[in-house]
Structure formats: C-alpha cells, structure tokens
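Could you have a look at this structure, given as structure tokens, before my questions?
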Amino acid sequence: MHDADLDPAREKLIRESIDRQTMLATLGVEVAEVGAGRVVLELPFRGDICQQNGFVHAGAITTVADSACGYAAQTLMPEGSDVLSVEFKVNLLRPAVGERFRAEAAVVRAGRTLTVCSADVFALAADGSSKQIALMQATMTTVHPAPRPAS
Amino acid sequence: MHDADLDPAREKLIRESIDRQTMLATLGVEVAEVGAGRVVLELPFRGDICQQNGFVHAGAITTVADSACGYAAQTLMPEGSDVLSVEFKVNLLRPAVGERFRAEAAVVRAGRTLTVCSADVFALAADGSSKQIALMQATMTTVHPAPRPAS
Amino acid sequence: MHDADLDPAREKLIRESIDRQTMLATLGVEVAEVGAGRVVLELPFRGDICQQNGFVHAGAITTVADSACGYAAQTLMPEGSDVLSVEFKVNLLRPAVGERFRAEAAVVRAGRTLTVCSADVFALAADGSSKQIALMQATMTTVHPAPRPAS
Amino acid sequence: MHDADLDPAREKLIRESIDRQTMLATLGVEVAEVGAGRVVLELPFRGDICQQNGFVHAGAITTVADSACGYAAQTLMPEGSDVLSVEFKVNLLRPAVGERFRAEAAVVRAGRTLTVCSADVFALAADGSSKQIALMQATMTTVHPAPRPAS
C-alpha cells in the first residue's frame, strides 16, 4: 500500500532512532530495509536468546516484529513526532528454528493518532529456504513531542 | 483460581526449565514465585534492554510475561509434557519506567491441549510504589513429549 | 479498581446510548449493571444466534463483551464525549452453552485518549451454576464530539 | 497460499454448515465465495445491526469475519471434522459505514490441530468504491467428531 520511497533525511532519522534501541543491539538485530510504510529487521540466531528447547524465544521474535511495526508506522507520521506501541498480538505459527529471522512490517492503516501495522516473521534456513513462523497485528500511537523517561 | 501448592519435585523441574531459557538469562530475569497455576518473574531495569526513549522495550516486557504465562500453564499440565506459546496479545498501559518489572501470570482455563493465561506486568519504583504497565492474554499448548529443534 | 458510584444523570445518558445500539436489541441483550468503570450486560440464549452446532455464536458473545467494555470505558470519559472500539481480542474458553451469557467489563487503565478494558463472559446454567466461557482484552478511544455516519 | 479449487462435495458440506449458523441468517449474511483455504462472506447494511452512532456494530463485523475464518480453516481440515474458534483479535480501522461489508478470510497456516487465519473486512459504498475497515487474526481448532451442545 505504501511503496513510495522515503526521504533520505527522514530515513536517516529513523535509522538513528533504531540505533538508540539498546534492546535491538543486545539481541543483535540488523536493519534490512527502511521504506515509506515498510521496515524489515533481521535477527541472526544466537544460542543466548532461546527458550527451553533451543528455539528462539517468542519474546525475541516479538521484539523484532514490534520494532519493525513501530518504525514502519513512524515513517508515515509527521516529522518531529515519536512512536509508542499501544498493543500487539502475535500468532506463533511454527517453532523459531533457523539461521536468521526476518520481520517484514507494513502499515495497514495510518490514522492521525493511531496506526495499525502487520508484520510477517520468517525463519531463513542455511539452504536459503524460508518459512513464516509468526504473524503480528499491532497498533502504534504518534507521540508529540518525543517522550522522555522520568529521571 | 489455582492456589494449591505445587509439588516440590514438579517445582524443581519447572525452575530447571526456566533456567534453560537462555533469553531470560540474557535479559537478567529472576524467578520470584512458582506455584500451581501461577508464576511470577521479575526483570530488573538495565540500560541495554530499552527502546529509543530509554523506556524498557515492549519486547523485553513481553518476554517476561510470555515466560511467566508459559510456566504457569505448565504447572497444570501432565508431567513429562512441555509447553509452547500459541499466541499472545499485549496491551501496553504506560511506558515501562521503573527499577524492576514484575510479571504475574495466572491460568484462566486449563484445557487438555490448550491453556489460556493472563499476566499483569507492574513497574516497581525505587520508593516502593508500583503501577501496572502491561496486560497479556495468552494461549499455551501442551506438547508430548518435549520437542527438539532440528539439528 | 473503579467502584465509586456513577452520577445518576451520567448513568441515564449511558443507558440511553446503550438503547441506541440496535444490534443489542436485535440480539436481545439486557443491561444488568452500569457503574463507574464497570458495565455488565446479559444475553439470554436464543436459537437464532447460534453457530453450526447450536452453541451461541462467538460473534454474539463478542458483541456483548465489546459493548460492555465500550460503555465501561465511557463512564470514565469526559462528559459529552463518545466512545469507539479500537481493537479487541477474545479467547473462547468453552463452547457457549447456557441459559444466559453475562459479560462483566471493567476498566483496567483509563488514559486521556485510550482506555484499556477487560471483560469476562460467563455462561449461566438453569441450575444457577456459572462457568467462564470467554475473556476479552480491548482498547477503546474517546471521540470528541460524538461522530455521525456520512449520509 | 491456498488457491486450489475445493472439491464440490466438500464445498456443499461447508455451505450447508454455514446455513446452520442461525446467527448469520439473523444478521442477513450472504456467502460470496467458498474455496480451498479461502471464504468470503458479505453483510448488507441494515439499521438494526448498528451501534449508538449508526455505524454497523463491531460485533456484527466480527461475526462475519469469525465465520469466514472458521470456514476457510475448515476447508483444509480432514473430512468429517468440525471447527471451533479458539481466539481472535480484531483491529477496527474505520467506522463501519457502507452499503455492504465484505469479509475475505484466508488460511495463513494449517496445522494438525490449530489453524491460523486472517481476514480483511471491507466496506463497499454505493459508488462501487471500497475501504478496509477491519482486520482479524484468528486461531481455529479442529474438532473430532462434530460437537453437540449438552441437552
């Protein structure tokens, strides 16, 4: 729905914001794509982000999908505003087994305050094949101006 | 609804499974309570698990709530079975600001295959006050026997 | 959380708004309770609101839970504002079998724009027993002033 | 994902099951399409299925989306089995204003027991234009054999 290119200055701001998400650095998340209404993030497999059976933890998968949705939403929000997650729902389709996990988020509906996004998460195997492992449906909200934690 | 004590041997198995979740160790999650149909996990604040404004990332909060729900469900499942997340939905009520984050999960309905849980997540401040910051409604499934990732 | 009494004039306005929901009249929904931050609606069983096996349709159960959540939210919103559903998630715990279905909705967090509610839905049997059959977690939004459909 | 034709005998059984959903008849729902992994249902506007502002009630929209998802799931289930809704989440993108409402449901992942579906709901205007008004993400379960309400 939103396939127009993103202004380079705007893309730079979005990428800088992604870089400020220390949780993504902790998990090793990489930015694959930042476009207007669409953001793709990737999470390489690591043994220290798993659940009890060695699958990647649903919380790690959710982190990547949530950030991808949030930034996809922000690309369509007014400049100078920030984004917060209101809610999301995740269906886990298969155990998260693979070399990399790729969250492709897109805006479904951009409103004045609320933006609804969906994200598909795929597991990429060593042989190049991919399978969808999760599906997110999320609501994001525009915040004016950027919030700061109480200090 | 489920306030009976948990068999100590069973509790030991649950705690060992929690210890195998490397994602929880990576985030610094601590076990506060393991009872029949109820599990409480806590996440101390750390600067490296945040989003762009210095709030704890919704994905970190979700990780703790998801694990708490999963293990709450498992306490009521047959011995020898394992648990996987089917889906969850999280409403984020306030930015995650605080010293610690406490996810209290309880079983709402334990079925033969599917178990529905809810979790309340609270932010605990330095002055001892607490505020609810998130709410999860989740479905967990019983797995026989414990699954292993393809190797 | 919100157990204060509701102003009688305000309660009257809420009940009048409930009466304008023609969908509720079509299904035969009855108002059981309207309080500050809490609304209870009941749906008597009828053979013409079922799914293929004679259970009450999940859509009918959702209708009652959604309206209960919306009005619970509205009781805490500023006077003169209206309410719209942003999103909801429903877990169906058991087939909807019973004489009456009772949706008890409560506000979890009332924000300036968004209000998060939860609702428990119970099936009441002829012998007076009740079982929870569904669980809703919903987001409602305040609208200023009341919206009208394009005509 | 599932665009193969559906066996005519199977399609007949699905349509007969849809006809047994008395809730759909009460709301005036019409079957637009039944294919393998895909079902489309339509709801013409009626003044007696609205909320307080004259928009179609979110519960009516949910009913149509839920049935479309359930039957999309059932087309891929083993013969002789039945389907029940486990949970669903609905994001309401715009007020439900239009002449007809069209729920297009598709299977995202068909498992042995659980099937995940998504549905897009569109409002169709008198001038032939359409806008998406809702988005559902749902889990359905296979039931062997078809359940019956306690009598």
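Some observations on this one:
Labels A, B, C and D are assigned to the chains in the order they are written; within every chain, residues are numbered from 1.
As a working rule, contacts are C-beta pairs under 8 Å (C-beta built on N, C-alpha and C of every residue); 3 or more make two chains touch, one makes a residue touch a chain.
Here the structure is a predicted model, which is why all the values come from computation and not from measurement.
Seen from the Cα centre of chain D, the chain whose own Cα centre is farthest off is B. Repeated interface, listed pairs A-C, B-C or C-D, reference A-D: B-C, with more than half of the contact pairs matching by residue number.
Inter-chain spacing, taken between the CA centroids of chain A and chain B, is 22 Å. With each centre defined as the average position of its C-alpha atoms, the distance from chain B to chain D rounds to 33 Å. Of all residues in chain D, those that touch two or more other chains are 86-87, 89, 91, 139.
Note for the complex: chain D touches chain B at residues 86-87, 89, 113-114, 139, 141.
Those residues of chain A that touch chain B in the complex are listed here as 17-18, 20-27, 47-60, 62-64, 66-67, 70, 82, 84-92, 95, 97, 146-150.
Put simply, chain C touches chain B in their complex at residues 89, 91, 93-94, 108-109, 111, 116, 118, 132, 135, 137, 139.
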